[in-house]
Amino acid sequence: MKVSRRATFNAAHRLFRPDWTDEKNIEIFGKCSNPNFHGHNYVLEVILDGEIDPETGYVIDLKIVKDAIKSEIDERFDHRNLNLDCPEFKDLNPTAENIAVVTWNLLRSKLPMHLELTIKLWETENNCVEYAGK
Amino acid sequence: MKVSRRATFNAAHRLFRPDWTDEKNIEIFGKCSNPNFHGHNYVLEVILDGEIDPETGYVIDLKIVKDAIKSEIDERFDHRNLNLDCPEFKDLNPTAENIAVVTWNLLRSKLPMHLELTIKLWETENNCVEYAGK
Amino acid sequence: MKVSRRATFNAAHRLFRPDWTDEKNIEIFGKCSNPNFHGHNYVLEVILDGEIDPETGYVIDLKIVKDAIKSEIDERFDHRNLNLDCPEFKDLNPTAENIAVVTWNLLRSKLPMHLELTIKLWETENNCVEYAGK
Amino acid sequence: MKVSRRATFNAAHRLFRPDWTDEKNIEIFGKCSNPNFHGHNYVLEVILDGEIDPETGYVIDLKIVKDAIKSEIDERFDHRNLNLDCPEFKDLNPTAENIAVVTWNLLRSKLPMHLELTIKLWETENNCVEYAGK
Amino acid sequence: MKVSRRATFNAAHRLFRPDWTDEKNIEIFGKCSNPNFHGHNYVLEVILDGEIDPETGYVIDLKIVKDAIKSEIDERFDHRNLNLDCPEFKDLNPTAENIAVVTWNLLRSKLPMHLELTIKLWETENNCVEYAGK
Amino acid sequence: MKVSRRATFNAAHRLFRPDWTDEKNIEIFGKCSNPNFHGHNYVLEVILDGEIDPETGYVIDLKIVKDAIKSEIDERFDHRNLNLDCPEFKDLNPTAENIAVVTWNLLRSKLPMHLELTIKLWETENNCVEYAGK
């Protein structure tokens, strides 16, 4: 049984490797590497897979997931510049893939280990990534 | 090859164990256990996994799935109080997880056994569960 | 210039006039009058029409609207039974139309009078009402 | 890590086997076999599963996927009659299932082989198929 | 007070004037004039504006609107070729604008005259028209 | 008759008056004034109101609107920092309201004057503004 909780956050970013020049970043990442940044309304889906607790009928109270998203993700990334404000991306290019990995790691330690964790992240209505740990 | 059919139904419920007091139900389930109920527009997705029939090009005519949803789910749960009107939940807490299990069981016997069945159920636009049988 | 804020709440109701018998209620309102209630995920859009404040570039800080929805609507109606828990509907049939009028009246007194107020309310993804005051 | 790209195309079709009479086609496929065709706004999701490239932080630059959808799918099927204009369906009934298989085959040869390919295709907001190769 | 009901239908069409050659039709209408047709999932919203009936709390029972859409629009246009199967478009180019006018006229005579009627019609998720009568 | 075209663009911004200190900007605009910016997937709807051309059945060929959005809006604002990259917002706070006014002005001169122009702009799925000129 899988259960999931959806949330959103709004952030600026640029696709950028600090060990490359701006020119090379723009050559490889195109307009996604605009030096002054652009931004997205990210949509996050946190999926947990496990057994139903017969006492409550829940896999997990989704309020726990909602609160973990708020404290671990929303307070870190919402209304922030991922490249400049977030140490997680100081040396990591904030592609949707890498944001999903960082999000997975941040939430993994806050959610019960007997539940398998998967992250879906939409960068736009057309682009999405999904990560389930290594 | 998976094929799926989406449908909706509207129902009242409260999260509630009849062997607990209202006070304990509210302590554990919060506002979801309001004694006078609340309700949702449930969105159901019925997913079947199997081979394409080379004669028709269908895995299954989705009209069969639509009709099964109507007779087994819609006529039982739509515009009903899951706790009071539906014997399936007389002794079963109507969490999204348990509604998905009940829905899976009701549809399993009506849909071809060579097709694997999965149920997705959205309780709100942010909360979803998925069940594929044991 | 119009600005709007969307929110959701989940409630149980039945279409019902207390001065009619259950039989007459069911004759007129059909399954929407099920005596044990059903429910919806209501989607509310609060629209305000006025001039941009040249100092801020806002018609109104939408946080004010978000907070008014929370205190006036969410705390009254979310996870409630509109017929049993909400005095606003003690003698008023909780149709989408009447919920929109009640919502308009509750918000009108909390939002700046120089801004025209309109309420849109979706009861399901297919049914919607809109009310702009008399 | 999975990444996906969504796109749409609009096409006419009828469910139809040329080796059956119109009468038999209509008996089996109902109004979907209307001899003068009907049509859909198809929504396509192309999903690729693989490792993140540590140099770019991408599984794949989704612009490559976007361009492959444009050249292989959009230019073939958009604003076309699948039965009459598209040789792929000359002897293949254009059910959603078969369109997904054809789409998978067309894209498979254009996208990197180390990435697993899955196709989701919505024919309507309620009907969807998913194909991941044999 | 406005109330609205949403519905969908799937149809084939081509933008085409029978008094023009295919060449001129394609010159003016581009790929929308493909001689073998293309198609859409049309989304229709029927909006009625009037007073709340104090007895029922309804502007109109939306079941009446749902039934009118079914008998007047769905049975005429769903799974049809608008150009070939529908006499309404024998001499009228089936643009979204003209479909909205035809839909307005068909529904106007079936819905109470004291309610103002507006039609919204989405041809794709990006293209929409709205018609409120002359 | 109204016709509309939807499009999206992704941009970074901060709510900010250059004649105020960062401290005052943050006091008034909260986290929306983060000095390092945040961003959004803006959704734009361009609505034109006028008569149907009886020759084509169009109010306007929506390709003209699509192209005007691309040249006037997308090329200016997509994947840009509204505050730093766009002279339109050098001395104008890029609230959704002001972006709508700027968008209206940019498109007004490119679209036929006999058609009334309205702009809707969603900054998030919950926040929207609408501007129809003075």
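Should a chain be cited, it is by its letter among A, B, C, D, E and F, assigned in written order, with residues numbered from 1 in that chain.
Criterion: contacts are C-beta pairs under 8 Å (C-beta built on N, C-alpha and C of every residue); 3 or more make two chains touch, one makes a residue touch a chain.
Given the structure is predicted, the values throughout are model-derived calculations rather than measurements.
Undergrad: Which chain's centre, taken as the mean of its Cα atoms, is farthest from the centre of subunit E?
TA: Farthest chain from subunit E, going by C-alpha centroids: A.
Undergrad: In terms of residue-numbered contact pairs, which of D-E, E-F or A-F coincides with C-E for over half of them?
TA: Checking each pair in D-E, E-F or A-F, only one repeats C-E, namely E-F.
Undergrad: Count the touching C-beta pairs: is B-C or C-F ahead?
TA: B-C
Undergrad: Would you kindly tell me how far, in whole Å, the mean C-alpha position of subunit F lies from that of subunit B?
TA: About 42 Å separates the centre of subunit B from that of subunit F.
Undergrad: Approximately how many whole Å separate the CA-defined centres of subunit A and subunit C?
TA: Chain centres of subunit A and subunit C, defined by C-alpha means, are spaced 34 Å apart.
Undergrad: Using CA atom averages as chain centres, what separation in Å is found between subunit A and subunit D?
TA: Here the centre of subunit D sits 29 Å away from the centre of subunit A.
Undergrad: Provide the list of subunit B residues touching at least two other chains, using ranges where the numbers run on.
TA: Where subunit B meets two or more other chains at a single residue, that happens at 125.
Undergrad: Applying that definition of touch, give me each pair of chains that meets it.
TA: All chain pairs meeting the touch criterion are A-B, A-D, A-F, B-C, B-D, C-E, C-F, D-E, E-F.
Undergrad: Can you list the residues on subunit D that touch subunit E in the complex?
TA: 8, 10-13, 31-32, 34, 36-41, 78-81, 84-85, 124-125
Undergrad: Within their complex, state which residues of subunit F touch subunit C.
TA: Within the complex, subunit F touches subunit C at residues 15, 28-30, 92-98, 100-101, 125-131.
Undergrad: Which residues of subunit C touch subunit F in their complex?
TA: 1-7, 52, 56-59, 62-63
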